[in-house]
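Labels run A, B, C and D following the written order; every chain starts at residue 1.
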Amino acid sequence: MAGNSFGQNFRITTAGESHGPGNVVILDGVPAGIPLAVEDLLPDLERRRPGQSKLVTQRQEGDIPEILSGIFEGKTTGTSIAILIRNQDQRSKDYSNILDKYRPGHADFTFDAKYGFRDYRGGGRSSARETNVRVAAGAVAKKVLKEIWGINILSYVKQVGNIVADIAKPEEVTLEQVETTPVRCPEPESAAKMIALIDEVRKDQDSIGGVSEVVATGVPAGWGEPVFDKLRADLGKAMFSIPAVLGVEFGEGFAAALKRGSENNDVFVMGKDGRVETETNRHGGMLGGISSGMPIVFRCVIKPTSSLSKAQRTVNQAGEEVEIQTKGRHDPCLLPRFVPIAEAMTAVTLLDHALRQESASIVIRSNS
Amino acid sequence: MAGNSFGQNFRITTAGESHGPGNVVILDGVPAGIPLAVEDLLPDLERRRPGQSKLVTQRQEGDIPEILSGIFEGKTTGTSIAILIRNQDQRSKDYSNILDKYRPGHADFTFDAKYGFRDYRGGGRSSARETNVRVAAGAVAKKVLKEIWGINILSYVKQVGNIVADIAKPEEVTLEQVETTPVRCPEPESAAKMIALIDEVRKDQDSIGGVSEVVATGVPAGWGEPVFDKLRADLGKAMFSIPAVLGVEFGEGFAAALKRGSENNDVFVMGKDGRVETETNRHGGMLGGISSGMPIVFRCVIKPTSSLSKAQRTVNQAGEEVEIQTKGRHDPCLLPRFVPIAEAMTAVTLLDHALRQESASIVIRSNS
Amino acid sequence: MAGNSFGQNFRITTAGESHGPGNVVILDGVPAGIPLAVEDLLPDLERRRPGQSKLVTQRQEGDIPEILSGIFEGKTTGTSIAILIRNQDQRSKDYSNILDKYRPGHADFTFDAKYGFRDYRGGGRSSARETNVRVAAGAVAKKVLKEIWGINILSYVKQVGNIVADIAKPEEVTLEQVETTPVRCPEPESAAKMIALIDEVRKDQDSIGGVSEVVATGVPAGWGEPVFDKLRADLGKAMFSIPAVLGVEFGEGFAAALKRGSENNDVFVMGKDGRVETETNRHGGMLGGISSGMPIVFRCVIKPTSSLSKAQRTVNQAGEEVEIQTKGRHDPCLLPRFVPIAEAMTAVTLLDHALRQESASIVIRSNS
Amino acid sequence: MAGNSFGQNFRITTAGESHGPGNVVILDGVPAGIPLAVEDLLPDLERRRPGQSKLVTQRQEGDIPEILSGIFEGKTTGTSIAILIRNQDQRSKDYSNILDKYRPGHADFTFDAKYGFRDYRGGGRSSARETNVRVAAGAVAKKVLKEIWGINILSYVKQVGNIVADIAKPEEVTLEQVETTPVRCPEPESAAKMIALIDEVRKDQDSIGGVSEVVATGVPAGWGEPVFDKLRADLGKAMFSIPAVLGVEFGEGFAAALKRGSENNDVFVMGKDGRVETETNRHGGMLGGISSGMPIVFRCVIKPTSSLSKAQRTVNQAGEEVEIQTKGRHDPCLLPRFVPIAEAMTAVTLLDHALRQESASIVIRSNS
């Protein structure tokens, strides 16, 4: 299959392009009996929506989801849930000038190489437009994780260009703090600087990269599989499946290269509630790929938007060297809109492993 | 399923623990008609082997693989290939003192949380011992990738502690350069410093982290799937499935946070052979998750070995605070032995996507 | 996952209930470059449609499919194709009297046992309404199989009650012959008797079972996998996944119990075109689970419709013994509408194996 | 992948040929904490073993299983279990005369068509030798199903040639009754006739087909998924994946073609223990593909052994018409040895669905 599904026990399957009729996701494996309505999907879709602030693209997409199945009398039935989000503001003429030119940093050339041709309107299937149904699916997964296990998932912007926010306790950041500014950095001083920087690059017809941090609290110890499907491995895949992600690091991450074992190991201690904890959380909440009960913490680096209003050199399908300007409405910085997508894919991954652990732990459960 | 398989069209499934009878891998999907013998597996197993130099653990594991199926008259038959590597030097008494203590940085506690009990001998299934059959499977995948597509995969050590090798052209590094020193850093001056540093931490009964770089050359444009199974996503998962990997970055990686789009985009140009290329390779060989034909380049950070001869604080199963010393023979630095494992998982991932592209590109192939 | 997907390299995933907004299918793995339009889906949907003749239910469902993705300028793009069919004539009041009663032969009780509650409107997800998107997906698969390999798939009614049509050469039956009568039996004399019998049971407020035969011609030798994913095994699963199928038999089928090996084996001979053939086709086109190049022939038995206008005894959710009459509009015989569904699932299965063989046969192809 | 795996939450993956070093199975998803030892595997392997009586082939295979992983201190650890059975009595010279001839009814020709060549020694991967590790895996699955849910799975021979045993209550047949005679028919009079018939065909250098019935008791209501992964569909696939199976029917099976709905529906009633039951079991224990709590009952038809000592006509690889005699030691009737294989695949399928239901029923369980 062509990679349009994610997950094992909880699986999402998507379809849709930026300029087709719409995007669809089918959720397979949502447990029966969870209260769910369209309203549960709206807040995160609003956070992903273009046009929400001047920091992001001014395209209007109007993400109105329709739940087509799997809900009866306000509850999930246990059967597959389909969600449709139709495309509205498509303006395909914006893209006509790039019909046969390969946009630098985009998938135009690689799609041509793979399929022999491509839907050139706004990137087709390679457009980040497809992430709207991931966010819808993530909202469902978040709800289930919250209802059954009391799990919270939150992401925020930690770095834009050279502005790095100092967030000492990721597990204490609140959604309210994140949503205070349009840049979604919970540390106000850094947020102000980030906003100024994004404004500057936007005026330069340029773009800027950054780093997002993701935190999941309340995940019980014991989720994740020991070898290939380590929780870390599946979260890593989930993040790398999001457009523009060039790097992912858990806990101490790349800084661990500089550390000695005696500095890097987290000492086990007994927590106040009688549960095993670690004194520090350099391991990022997973040991041997299995959750430790500590907060899960990781970071993703997002490259600067590839579409620029500035002229760039490239080649066309005929192999001629040409100039290209992508005149559409682009995000000067992808980070603010990345945040809900990262949360969504984290939720989708955690729910999958939650369900996998249910089938792994039969005997333990029956004994306890 | 409990995560013991990796891949779709080409899939490996493994079993085995550090102190059981042995480890097994079943390879499903190897094309028929490829010459293959046990000898093809030995070089990479030798590179992964403990005891190969004083930089690594002095355990003797004697990785002698036996091919149990799938080969007839020297060629792959197209049916599943099973490879068995028996364990030899097990010394389970080395581990008896840690029976009920949770080793910091290890999966002892998380296995107990997941399964209700654990095989405490050397980590059981969580031990990196299981990677020997990954390396065997990777050797098969490498051979197929080389025979059919002419692909080369190479990894080397780029950083140990604060020693960072400057490798300007990753795609020009040779296996010979890598294998010149036991630390597997192809830049001799850095290699010498790394060796000295590892020697120092070993004497301190400590360990040290580092970074490995992986390069795949010859991968044609068009491999990888557009959404969830981006080549980047599957390579990322492959790397995060290896013990001790805390971060993965492709191309420019985390440095892209600091970049503007106009600095970060790679300009398309026509190559000497009439194929589309990029002038630079900050994208790391994949665009939109699909290979661009440029070298695939990424890096992994490996944490310092968690097992230390030094005493560390921890708790035991009864919840008492205790001290622990893991007296066995440990790697002071995991990097030199990580290199063949990274190559193996890269090969396994690429072969899977190679086969997936065969089924995706039927019409294109028949038209060309 | 909850079993809403079918296939490996070509995979369909569905959602939808009889009385929700509609049904959706996502097709993953359709090769790029195949001409495809909504018109390709209509003929088979029309054949499955209720109300097409007096032999079938008089419900009006108006199966108008909308393709939401995966097509650009009239061709498949290689990315996932979503098809939506909205429900129209729902009349949920017809079902209100069965809210808490378990209809005999239906999944009401088993859904309650599985999920704790159920969508009682027309069976919800257990209704055969979901097969409309299977037929849409099958129409796509048929088109691809025809375009690339010249394969034809045809089913027809072989038996209704005790009326058995004698079809000596299944591979010579034509779609025109099948569509001549509303009962879809290509042998006119038997067709007339079947129509009379169905009319009789309808007047008795009863229903009747039967057998459908399926034939695929043009399938090349070599499709199917040797062990678990035998082509026979996947076709068998495909058929048993269709509501009301109680048995499947290939080639000689259950009659083989009576045979000696010397009577049952098909002798290999050289065909006129220089290809290996068998003199007879008691093996039904597959040997060792792999296609032999001979026509694939199998039969399915479909039970009589469980919904009866007649009163039946049953129990309700409270455990009381009650009477039930399902007053809706039911098929007196499922066979005529089963035919396009069987063809669809056959096509979906064959396309999956076609694509699997592309990735298995790389070396062979490059050598030939 | 090439079809060497079966199952989702519980998955088995196999490798091995008739004349290679041995066969291996990896079991993924066995819950932790189940007592398990090699002794648990021996009885069913003994029942499958060649040479156990004069009714079956006199080959000696000596199926001694070795458990390579996944057990610690007598209990399953939750990690993957590998089981190896080495081949012993191979006598490859028996097969040398068929090197380039296609045996009628065998996969020789289809393997050549698929892979370009084949392991001609005893059928290689297409040999039923591979079922020995299925039986080992099935023994594990049976043990888990028995320990956790109290499920019993039993198969027996119902028909050989024209001798049909009348078994009124399949759910009351005992293992002891089945094992009383070497033909494994629990009805003594029919068993005697079957034995005589098999003896007769053996003397004629011929073989004979038959039907096996499988019964699973104790399966709770609610297992199986509503659409593609109906329990019936997965059991059907499981059976069709076994060599020589040409047909599968559940409950009333093909006889349902003759029935009216009013005759075929099973009436729901309240059982003595206050649970919902059906008065009759024509549905075979599943409704809508989901278990009803009634005994699961189905039948498989097995063709007569294709290998005959008698001369048969065929062609060779060069396309010449030739004669073939397969002089080896063959089963005159496959049925007696089919019984434990059918039980094994039934157990593997049921355990998969048992685990799937654990992850589907979280909310229901927590509410009850």
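Points worth noting:
Going forward, a residue touches a chain if its C-beta (ideal position, glycine included) is under 8 Å from a C-beta of that chain, and two chains touch if they have at least 3 such contacts.
In this text, all values refer to a predicted model and were calculated from it rather than measured experimentally.
Most remote from chain C, judged by the distance between CA-atom centroids, is B.
For the self-contact between chain B and chain C, the two sides draw on mostly identical residue numbers; the shared fraction is above half. When the C-beta pairs in contact are tallied for C-D and for A-D, the bigger tally goes to C-D.
The geometric centre of chain C is 26 Å away from that of chain D, both derived from CA atoms. Work out the mean CA point of chain A and of chain D, and you get 45 Å between them. Annotation for chain D: residues 1-5, 8-9, 14, 29, 32-33, 78-80, 114-116, 125, 226-227, 356, 360-361, 363-364, 367 touch two or more other chains. Those residues of chain C that touch chain B in the complex are listed here as 8-9, 29, 31-34, 78-80, 148, 226-227, 355-356, 358-364, 366-367.
For chain C in complex with chain D, the residues that touch the partner chain are 1-6, 8, 14, 102, 104-107, 109-111, 113-116, 123, 125-126, 130, 159-162, 201, 204, 206-211, 220-230, 232-241, 243, 245-254, 256-270, 274, 276, 278, 283-284, 286-293, 301-308, 310, 312-315, 319, 321, 356-357, 360-361, 363-364, 367. Those residues of chain C that touch chain A in the complex are listed here as 1-5, 7-11, 13-17, 20-24, 26, 28-29, 32-33, 66-72, 75, 77-82, 84, 114-119, 124-125.
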